[in-house]
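We call the chains A, B, C, D and E, going by the order they appear; numbering starts again at 1 in every chain.
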Amino acid sequence: MAIDFDIDFILGHINYWLFVILMLTGLYIVVARGNLLKKIVGLNLFQVAVFMLYISMGKIGGGTAPILTGNPDEVYSNPLPHVLILTAIVVGIATTSLGLALIVRINESYGTIEEDEILELDHQKSQSEIIKVAKEASNDS
Amino acid sequence: MDHHLILRVITKILVAPILLYGLYVQFHGDFGPGGGFQAGVIFAVGFILYGIVFGLRRLRQIFPDYVVHRLVALGVLIYAGTGIVNMALGGNFLDYNVLAEKGYQGQHWGIIAVELGVGVTVFGVMMAIFYSFAGRPPSLDDKEW
Amino acid sequence: MELVLTSLLFFALVATAIAIALVRRLFAVVMLAGVFSLLAAMLFVLMDAVDVAFTEAAVGAGISTVLMLGTIALTARSEKQPASYSLVPLVIVVLTGLVLIYGTLDMPNFGSPDAPVQQHVGPDYIRKTPEDIHVPNVVTAVLASYRGYDTLGEVTVVFTAGLGVILLISGLGRRPRRRKREED
Amino acid sequence: MTPENLILTALALPLAACIACLIFAKQPNLRDGLTLLVSIALLGTVISILQQFQSGQVIEASWWNFNPGVAIAFKIEPLGLIFALVASSLWIATHIYGVGYMRGNNEKKHARFFACFAFAIFATMGIAFSANLLTLFLFYELLTISTYPLVAHKETPEAKAGGRTYLGILMSTSIVFLLTAIVWTYVITGTMDFTPGGILTGKTEAGFLAILLALFAFGIGKAALMPFHRWLPAAMVAPTPVSALLHAVAVVKAGVFSMLKIGVYIFGIDNLAATGASQWLMWLAAFSILAASLIAMQQDNLKRRLAYSTVSQLSYITLGVALASSMGAIGGGLHIVTHAFGKITLFMCAGAIYVATHKTEISQMRGLGKAMPFTFIAFGIGALSIIGLPPLGGSWSKWLLMVGAADAGQQVMIGVLMLSSALNVAYLLPIFARGFFDGSIKSDGDDGDDGGGDGGGDGGKSFRENLKEAPILCVLPPCLTAAGCLVLFFYAGKIEEFLAPIIMGGS
Amino acid sequence: MMSLVENHAAILVVILPLIAAPLAMLFGNRNVAFLLSLAASAGSFLLSIYLLMLVKDGAVLAYHIGGWAPPLGIEYRVDAANALVLLIVAAISLAVLPYARTSIEKEIAEKNHTLFYACFLLCFTGLMGVTITGDAFNVFVFLEISSLSTYVLVALGAEKDRRALSAAYDYLVLGTIGATFFVIGLGLIYMATGTLNMVDLSERLASMEGNRTVRSAFAFIIIGMGLKLAIYPLHRWLPGAYTYAPSAVSAFLAATATKVAIYVVIRFMFSVFSIKFGFEQDTLKYIFFPFAVIAVFAASFIAVFQINVKRMLAYSSVAQIGYMLLGIALFSATGLSATLVHLFNHAVTKGALFLAIGAIIYQIGSPLMANMSGLGKKMPWTCAAIVVGGLSLIGVPGTVGFVSKWVLLMAALEAGLWPVSLMIVLSSLIAVVYVWKLVEILYLEPLPKDSQAREAPLSLLVPTWCLILATLWFGFAADFTVHVSDIAAQSLFDGKFGQDAIIMGTEGRS
């Protein structure tokens, strides 16, 4: 399917592309940043950008919010994406609060909230387990 | 924050309107924007503000932990219970039409009930989370900010 | 006018997002995140989603900012310099972006009334709400009745999160009298 | 008893023995006595099945539906019945022997040992009576698993290594080749039932048939076809009753029996003959026969030598299938019986020698025959039967195999069989001969006392007194089985007649 | 009362645990919480059996929630495929709960027990809700219920090992990314069609093969769910989560969570998107297939080198997921049936294994293999359970593992894919290695002299053995599971989800 990259198409799609940029920024923060809190911020960013994409689907040019006014000629935007996103926002904040609670606990037991350092500490613990096992094996024989 | 007299006075003035606004949002959701979720948040914000200014201890006296935690559960039960009542009255789960003679009246009752459930749970959860976080010993001082 | 406003908002959003990625001071990050949510809420208003805007402002700029500040108070103030940079995240992000852009190519124009979304289901809600439910706010009607079950799920999610936070960092509250008896 | 119940009984008895062994782990006499009773009862059950079968009844049973049209099913047919008879009768001998060996040798964990033993017999019965490939496979795997603890019984590093090789080879061949072959057969034919005349006839072309046969032949690792024979010598770390069980009764015989059954009832002898799909297998079997014999000659460890001998002898039976002639198949069936009796005698003797003297190497056994005459005479009889000399059972099966080879027009195979017999003579008879004719024991200079079956190995006054026969429970069984070899010579004709129907029907 | 249950069975199966969770919290007493959870699980279990009996011969049930007919409202839709998954989840929950009552005593502080049960129930609710729903967005909502509760449940392992926290956090981040991808995918198909109901979606999508938005949506949904179900390169969170979670949680998750995710993938691939789509077949061929094979081999191989038994089992789970994907990738009704059979069989086996290992950890306090030497003598029943479960992982006949392998092999051979069948059998050899490593340690290593180990209490043994007996029973009497899977696979393959359904309860207003 060929697409005319005319001005209409670009103006009609540029908003999507901008949402994509926002999403990607969020996603990048999540995967590339080592600070646990910042990852959560990144997740929020990512999700909010997705919410924007949803809301933009429901928009009708020249329409108004779907609160009925009684005027029969009024054009309303589609309420369904709004409902979905209301749910999604709540799910998002639920995840965020849980993630933050985990961060607090991690900080208490590891003393850091940097991914690298936590990985290192975990790795040390695994190594010490292996060494312990090896020692026991040599004691046996 | 005992020494911030202005804060304390303003908070006392503010809390009541915040709670009122919360109630408005809770029960006016059918007509304008808002609903149980937003109302629960606003309600919680009112109390949290009170807690921040007057201390967690005083807030906990008004709303002990166990009450807050029970509220969290209660909201979900109100919501799901509405559905169960609908089933008992012969409808499907969450079919509010059976709640009253006319379908739309039933819908009204149903929506009010479930929005209440949402509000109660959200309020409870917000308070519970606030309690949990505020109850932990901080690793940073006020001054370090 | 709307177009100008929207463009400005977009510009601000992108700038904020990039700033969040770059800033290392967590306090600033959280504040910027709050700003981002506020800007997003404004955008939602422009796109007729007033309920969503209301919620996003309350949640994004309000609750999550407060929670994150609380977390910072309990943990650390700034992000450390990472030991090494890897190309993997960039590759993942670029790939995701390509698939997304590819997906946008067949999307209907923004605001187009001919879009499938505006033909099916959505308009039915607007048409039927007055007779079925008699409330003016269609979003509430859909949220609490037509798709009320999703909302029950949503409340359950909130419940789960609350329960999880209690479990992880405080523990279930008990009635004081009983606690005393247990201590004896 | 209804026929269905008979099959059920034959399966349930060893299983019950297994459970009883675990329950009465702490009361050795009760446990071993009970197991003996069960083993006798099992033989009785199998014999009554035989009687019913000979009176012309169709005896079958099926329980769980596994897949539409496929069930865990059992059916009595001559080949399986013979196998079941051999296994159940030799179980009695092995059990008695095992009790003597384990006690005389102060091995540990008797309960686990006898429980696994009984379970292995249960699996063997299942294989013998299986009515389709699925059931066969089920019990085949159960047999592997239940014998693993027996192989690794001593729990020493060598035992564990041996157990690993054992399990590794048997498990991997069965999973990789056998399972694939079975599923493939099912996909091609839509059935898995053993049917006289074969189910693959006309279903697929010769090339595929050869591949399928290869999958089966290598998949049944228990048949120890080279190059998948390594588990057998590796399993020699096991206590000797286990070796006897593995190499004479249950495991290897289950392998070749499955081979025979699949050749006869899945491929169909006529089908194999017509397509020539088994040509390559015949050559491989011939190679196995000779190569294993040659390796056996180089082994100084008695049990290892016997193990390689087994590898060689098993290929006789595979050869019987691969010859694709009716006489070959029947000869193979008969060889299962005769070799079982012969080889179990040899192993029990090896064990008796070990219990009495703790010697494992052949070079150390010079002149032992004078100390243990009963053991060595039994050994001699077993060896002669394996070699195939009349008047012992082994002669008939070898004869039939040669006839089969002639029928199939494979004169070379006759030569192979004869050469192999010569090799048998070369590696088996010297052991026997040295025991009696090769002077006295070097290390002591003394000549041995005469045999007498009192409770031996008590580490008494002098070294000379230790050189007596092993405990009676260790000596009696090999004598019995040696006698069995003799008896078989006279009953071989009956067995042959009995087996004859297996190659009819299909064509 | 009876008619109430019959009419509303489809919704009650989810609502029972959903209501029991807040009730448990409301009462705030751990015994009450336990009884409530048990009652809810038992109720759901019975109801899911009832549902399965209704649909096992190919019928489809629908339930219009809120009295609104789809696509306006949300509907529940039950066919053989999801009824089977419902049964798995409910059965495992019922088996794990009594076990958990004892096992958490040593793993979780007593004050948290009530909330543990509530959280467990929520996880259960979420999984059931995801499985039974016929609405695409509702999948997301219930998926998040189960995910959030899972993060908490995993983090509860922190009292024994702090690595549970970082594992839970990793899972949270990756899980949320997955969920967000899924939401993006949903948004894209919603944009293309304007509806969220699965049946409606499939009707509208059927003619949209060339649409790039739809293709992109497909990619996002598959990757999003792929993260949740730990498709090979996306499996990073799984070993940590399964290893450090409390024993009962590991067992429950290993037996159910990934199974449900696989089900969702199947449902979207076969019922929502049309399998006639070229891009979907390409995905199966070029992405699912190679990654499934890599998963089977690489994960099994890694499992061999683990010193922590739970981690070993976790990697084995990744490998087993590979088998399930392989079944899907074979692109035939038999292959799909193999996947569904394996869903059931692996759930039973892995559940039993994790429970048995949990019983050992309960007694000796360590999940390391080195500390388990010689336990076969001290804990004969527990170790016997491990042996049987291990045999089932290998695929020895007489166990459910064999049934799965059988059907999968048959599918591969029917498709004429020789190399695939060879890979399937070869890979199970690696399972022999890691299972036998454990068996040797349990039985053939000497018991340490100072060992205090005793046989696990009955409350741990009985649930374990219930699952082990199921492993054996369905290994012999496989025709039930195979029959249901065949029906389910065939109807999935023919796209029958949208056929006229029997309406439970009252019919919704449209």
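Note that in this section a contact is a pair of C-beta atoms (placed from the backbone, for glycine too) under 8 Å apart; a residue touches a chain by one contact, two chains touch by 3 or more.
Remember, it's a predicted structure, so these values are computed and weren't measured experimentally.
Listed by label, the chains touching chain A and chain E alike are B, C.
Listing every chain that touches chain A and chain D alike gives E.
The minimum number of touch steps linking chain C to chain E comes to 1. Summarising the inter-chain layout, the chain whose CA centre lies farthest from the centre of chain C is D.
Chains A-C form the pair with the most C-beta pairs in contact. Distance between Cα centroids is largest for the pairing of chain E with D. Chain B and chain C have centres, each the mean of its CA atoms, that are 19 Å apart. A straight line joining the Cα centres of chain A and chain B is 26 Å long. Chain A and chain C have Cα centroids separated by 9 Å.
Averaging C-alpha coordinates per chain places the centre of chain D 44 Å away from that of chain E. Residues of chain E in contact with two or more other chains: 18, 21-22, 25, 28, 65-66, 68, 137, 141, 144, 148, 151-152, 155, 184, 190-191, 196, 212, 446, 509. In chain B, the residues that reach two or more other chains under the touch definition are 31-33, 37, 66, 69, 72-73, 75-76, 80, 83, 93-94, 96, 129, 132-133, 136, 139. Shared interface positions of chain C, defined as residues touching 2 or more other chains, are 50-51, 55, 59, 63, 67, 70-72, 74-76, 100, 104-108, 115, 117-118, 121-122, 125, 132, 136-137, 139, 141, 143, 145, 147-154, 156-166, 168-169, 172, 174. All chain pairs that touch, listed by label, are A-B, A-C, A-E, B-C, B-E, C-E, D-E.
Every residue of chain A that touches chain C in the complex is listed here, in rising order: 1, 3, 8-9, 11-13, 15-18, 20-29, 31-35, 37-38, 40-42, 44-45, 48, 51-52, 55-69, 75-87, 89-98, 100-105, 107, 112-114, 116. Chain C contributes residues 99-100, 102-108, 115-122, 124-125, 128, 132, 145-150, 152-154, 156-157, 159-161, 163-164, 166-168, 171-172, 174 to its touches with chain E in the complex. Remark: chain D residues 63-68, 72, 134, 137-138, 141-142, 145, 149, 152, 155, 159-160, 163-164, 167-168, 171-172, 175-176, 179-180, 183-184, 186-187 touch chain E in the complex.
Residues 1, 23, 27, 30-31, 36, 39, 43, 46-47, 50, 53-54, 57, 80-81, 84, 87-88, 91, 94-95, 98-99, 102-103, 105-106, 109-110, 118-119, 122, 125, 129-130, 132-133, 136-137, 140 of chain A are the ones that touch chain E when the two sit in their complex.
Chain B makes touch with chain E in their complex at residues 66, 69-70, 72-77, 80-81, 83-84, 87-88, 90-97.
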